[in-house]
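Only one structure is covered here, and it is reproduced in the block below.
As written, the chains take the letters A, B, C and D, and residue 1 is the first residue of each chain.
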Amino acid sequence: MSTIKNIAVFTSGGDSPGMNAAIRAVVRTGLYYQLNVFGIQRGYDGMVNGDIFPMDAKSVANIIQRGGTILKTARSQEFRTTEGRKKAYEQIKKFNIDGLVAIGGDGTFTGAAKFIEEHDIPVMGLPGTIDNDLAGTDFTIGYDTAINTVINAVDKIRDTAESHDRLFIIEVMGRDSGLIALRSGIGTGAEAILIPESSTDSKALLEKLAHGRKDKSSKIVLVAEGDEEGGAFAIAELVKEKFPNYDTRVSVLGHIQRGGSPTCMDRVLASRLGVAAVEALLDNRRGEMIGLINGDIAFTPFSKAIKHIDSLTPGLLKIVNILS
Amino acid sequence: MSTIKNIAVFTSGGDSPGMNAAIRAVVRTGLYYQLNVFGIQRGYDGMVNGDIFPMDAKSVANIIQRGGTILKTARSQEFRTTEGRKKAYEQIKKFNIDGLVAIGGDGTFTGAAKFIEEHDIPVMGLPGTIDNDLAGTDFTIGYDTAINTVINAVDKIRDTAESHDRLFIIEVMGRDSGLIALRSGIGTGAEAILIPESSTDSKALLEKLAHGRKDKSSKIVLVAEGDEEGGAFAIAELVKEKFPNYDTRVSVLGHIQRGGSPTCMDRVLASRLGVAAVEALLDNRRGEMIGLINGDIAFTPFSKAIKHIDSLTPGLLKIVNILS
Amino acid sequence: MSTIKNIAVFTSGGDSPGMNAAIRAVVRTGLYYQLNVFGIQRGYDGMVNGDIFPMDAKSVANIIQRGGTILKTARSQEFRTTEGRKKAYEQIKKFNIDGLVAIGGDGTFTGAAKFIEEHDIPVMGLPGTIDNDLAGTDFTIGYDTAINTVINAVDKIRDTAESHDRLFIIEVMGRDSGLIALRSGIGTGAEAILIPESSTDSKALLEKLAHGRKDKSSKIVLVAEGDEEGGAFAIAELVKEKFPNYDTRVSVLGHIQRGGSPTCMDRVLASRLGVAAVEALLDNRRGEMIGLINGDIAFTPFSKAIKHIDSLTPGLLKIVNILS
Amino acid sequence: MSTIKNIAVFTSGGDSPGMNAAIRAVVRTGLYYQLNVFGIQRGYDGMVNGDIFPMDAKSVANIIQRGGTILKTARSQEFRTTEGRKKAYEQIKKFNIDGLVAIGGDGTFTGAAKFIEEHDIPVMGLPGTIDNDLAGTDFTIGYDTAINTVINAVDKIRDTAESHDRLFIIEVMGRDSGLIALRSGIGTGAEAILIPESSTDSKALLEKLAHGRKDKSSKIVLVAEGDEEGGAFAIAELVKEKFPNYDTRVSVLGHIQRGGSPTCMDRVLASRLGVAAVEALLDNRRGEMIGLINGDIAFTPFSKAIKHIDSLTPGLLKIVNILS
């Protein structure tokens, strides 16, 4: 039987759509199991400073459809120090909190892992990031919304590309990973995608532009911001140099990719994982990220979740090539 | 080695978002493997009547983002007869077509299974239906778009529900299955969902309205059209009788659920399955539906695919209850 | 110089998108002019019952983009009585409120007109209704959002209409007026629109179906709910009887038309009118609705605003006919 | 009585949402009045090169909802020369075209004015540009869609701004005009807008950041690309220098602003103006842009339409300041 009575939830790192659905699920599930539930403002920063407040069912009403996070998020220099984590633990204890749910990404779980090492407090993590770059889950909360935001933006740009017979180089998020570029590239029928995981893709693009279908009047190329060539503007320079006749334009989608009302998939994912996080705390689990693998709840130790995955779904890259 | 040289693609049954992305994938993949590709208009009806025409890369340009199907779809009484199927086969042979890709649902595959039985022509099927009610794939093409259409509609209705403290009974598609209601119910934070798979849910709803949280001012209930109580209006009658004080309203979402630009997930799914369908024909497969199970391409004989699945993802129903 | 020190704002009648933008504008403008600003919950009902609370700049933060009304809205039987209005006035006086801004439609202004007659309190009105059926303004707050919701829904339905060669009869809101049907009919390229303002339109539709273009495979007909024939289902019966060969379907768009994030036009309109309402109170105006006519702020006595306009923009009806 | 028998329509300059609705209206209206209607590809470039083809009712089916232009658009160096315009006129005569409808902006009408001067051919113009910078119409075709695209993008960015307490400097289109920034600034509740029409706005922004409300945690500033300070990045530098403590970010919305499905207002505007253009040709008008002023069709000689308007709607700028 569990001794957990009071839990707290917080969001940390970059915001992602679905974080509010996850917060709602944690709060409602806690109440369902008759726990007291607290919210912590601005991630570890609020934990260090004691910005902690009780939440009830109403405090998460009407938020499932909202982007961002009602608990806010921030970076905390202080929590990176032993001293800061000690302060955080003291605050936690002041409220008699005996279980934490952390919603975030890589940095969030790194912090949580250290916190657990030094202090006796169970923490379960939920993967909240648009990048989908965590091991231990097929999809992170926010990824599905982000790729839909991308394809809707590219659909708009395609109107202009088609009307003017232009080549558009479009930069999407992904500092270390091409996962956003990959799926949204397939979803928009991109001519090519350029991603950090491949170092030959810019050469392949130039090859394709030289020898590709001549009946295709407009072209869309998606570039992950972390591509080794240096982003969309750099790629555009390469293209313009070799193909001055192309009417080449650049668009950097930027911050719109983080926001917006979450898709159904992200809301359902966040809800399922939120329920599972509280139930896991009650089951006396700790130090794990909860994900969904092949439709089932999966637990992954923080140390393994934060290793970036380095392989893309086999076959997806090939599809870009066949279909463009 | 494959002897396939000329393939044709058609859509059949109710249209679903992503069918165009699937058509595009089949055509482009066929061309990639140097096949001749034909389109058949209006499903089996066009097959019987020889409405068959050659397609090239350009004929599927700029359609990946469009709802509906450029090949149109229809019901064919004639194809249900032995004579009709004979005529269809003759037309197929006239064009030297030696492989077919059928995009549709239950009825489509039933027809295809009979067709193969009687005539020597390989057919591969793609699951194109918003209902997600086929065995052999985790998701059908169109389902993800449909549930997003539902949650966006319910988000709008919630504005009014909140403003007026109303109880809304909202009917969504699903004659035999509550799958659309289930996920969109979680995604909209519905108070309850009523589905054909459960016969006690209307009683549970009344129970909940009698004893539920008093601080919740507005409520959303999702009803699958095939619920045994008889749809949203019938449920509303039950509620009004027991709870005359509630300001209860009904909304039937209707046909908007079939249309719209497909989501990224539906576009990617359709693209992957379309590529796989052509490659399967080249591998001399026949008589199977191609789906995605746990992220991998899966083949299911038509006879098994068309049996409706009767179980919902375990745990999802419970989540509705915990979170509302 | 104005003696106004404390004002209150409320919403009444059916909710409409942009009401929150109007509330925000009233509150912020009041504060800008150093007034105290109060919110009244649930319209006249909250006024009668004293559900009145102070608002600051923060209480309207982050609401400009939200549908519905954060102040809620309700019908009040009590306010319709002399006694009820007396109670409301007493509550108003208790808070020292010396100016009111009422956001709503017909019924709202009828109530306000009576209130002013009986009690010494200035009230200015903002036209908040999706119906666009008030004299004194070119557009009401919410109308532009509603017609965009309609055309987006019809765009989805058109996917199915095109795919199946169907005739869709789509019912939109408008009990006394065809204004929603008219503009969304033009915006969706509808074959015909049927509205209360015309009693010959159903006959014209049948005529058109009999003699119209034969190369048009799918058709969309928009019907205002208040059409004298009795709504979409009644029209569908007429059509089916005369043209049994058409594959005719009905869709009633329903409550989705009231909700959703307001369009830019509605947000700007609401913002301008909200500013003007407070400035008008400071100018000692009372008993008028504030609208926008030809781009300029216009004042209309409540008694004139609440007379339904009975004429449609000349030429728009003719356009439906030319373009379909 | 008119001697016009054959008309042609083309789009020119940057594409804008609603151009297809305008093309559809011109074609359908021409056919309604029993004219032959031609389309010209890629604007003046196609005219010079004889890329002219007959259009029927079906060729504009199902395009009213699409962004971009099915007739494509391009710049033509050749048409800028007397020789090029002579070639264009010869092509026009080859097809017996005796009336033209030009859809575009400033450059389009400058070209048309020269063309008419040198050759005997009536041309009527429709204002198709997202910039709303033409005299002779309250709104250009595409403006309403563009500002809605902007506010939807900013709504997404606000999710992140709110979650992180950030200051976002967002750049929108408008090389010579702040009209997009102005309305979308009001529509998003921007803290400030910076536009070419005002040279003191950056100073005012810094002032406001120094002395503004302290309870506002996140801030949105909209900058027109043509602002004299040099765009969003330049403004961000100014802000960062003075307020290093702000977490300041930049987002350039870019090309998404030109595309997308047109709003209802843009579809109706395009439809009305397209009908009026053909009727004007039949009335023997020539050399004028057709616009909508205070709800009525208005004719403006090309020479006057192409003068940029230099005044913003009075009062709107003040509203930004009151409400933020």
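In this section, a residue touches a chain if its C-beta (ideal position, glycine included) is under 8 Å from a C-beta of that chain, and two chains touch if they have at least 3 such contacts.
Worth saying up front: this structure is predicted, and the values here are computed from it rather than measured.
Minimum number of contact steps separating subunit A from subunit C: 2. As a whole-number value, the distance joining the C-alpha centres of subunit C and subunit D reads 28 Å. Measuring from the averaged C-alpha position of subunit B to that of subunit D gives a distance of 39 Å. Centre-to-centre, using mean CA coordinates, subunit A is 36 Å away from subunit D.
Subunit A has residues 155, 158, 162 in contact with two or more other chains. Shown here, the protein chains touch around one cycle, each chain meeting exactly two partners.
Of all the residues in subunit A, the ones that touch subunit D in their complex are 11, 14-15, 17, 19, 66-69, 72-74, 149, 153, 155-160, 162-165, 168, 249, 251-256, 258-260.
Every residue of subunit A that touches subunit B in the complex is listed here, in rising order: 24-25, 28-29, 32, 56-58, 61-62, 64-65, 138, 144, 147-148, 150-152, 155, 158, 162, 183-184, 186-189, 213, 215-216, 261, 263-265, 267-268, 271-272, 275, 294-295, 313, 315-316, 319, 322-324.
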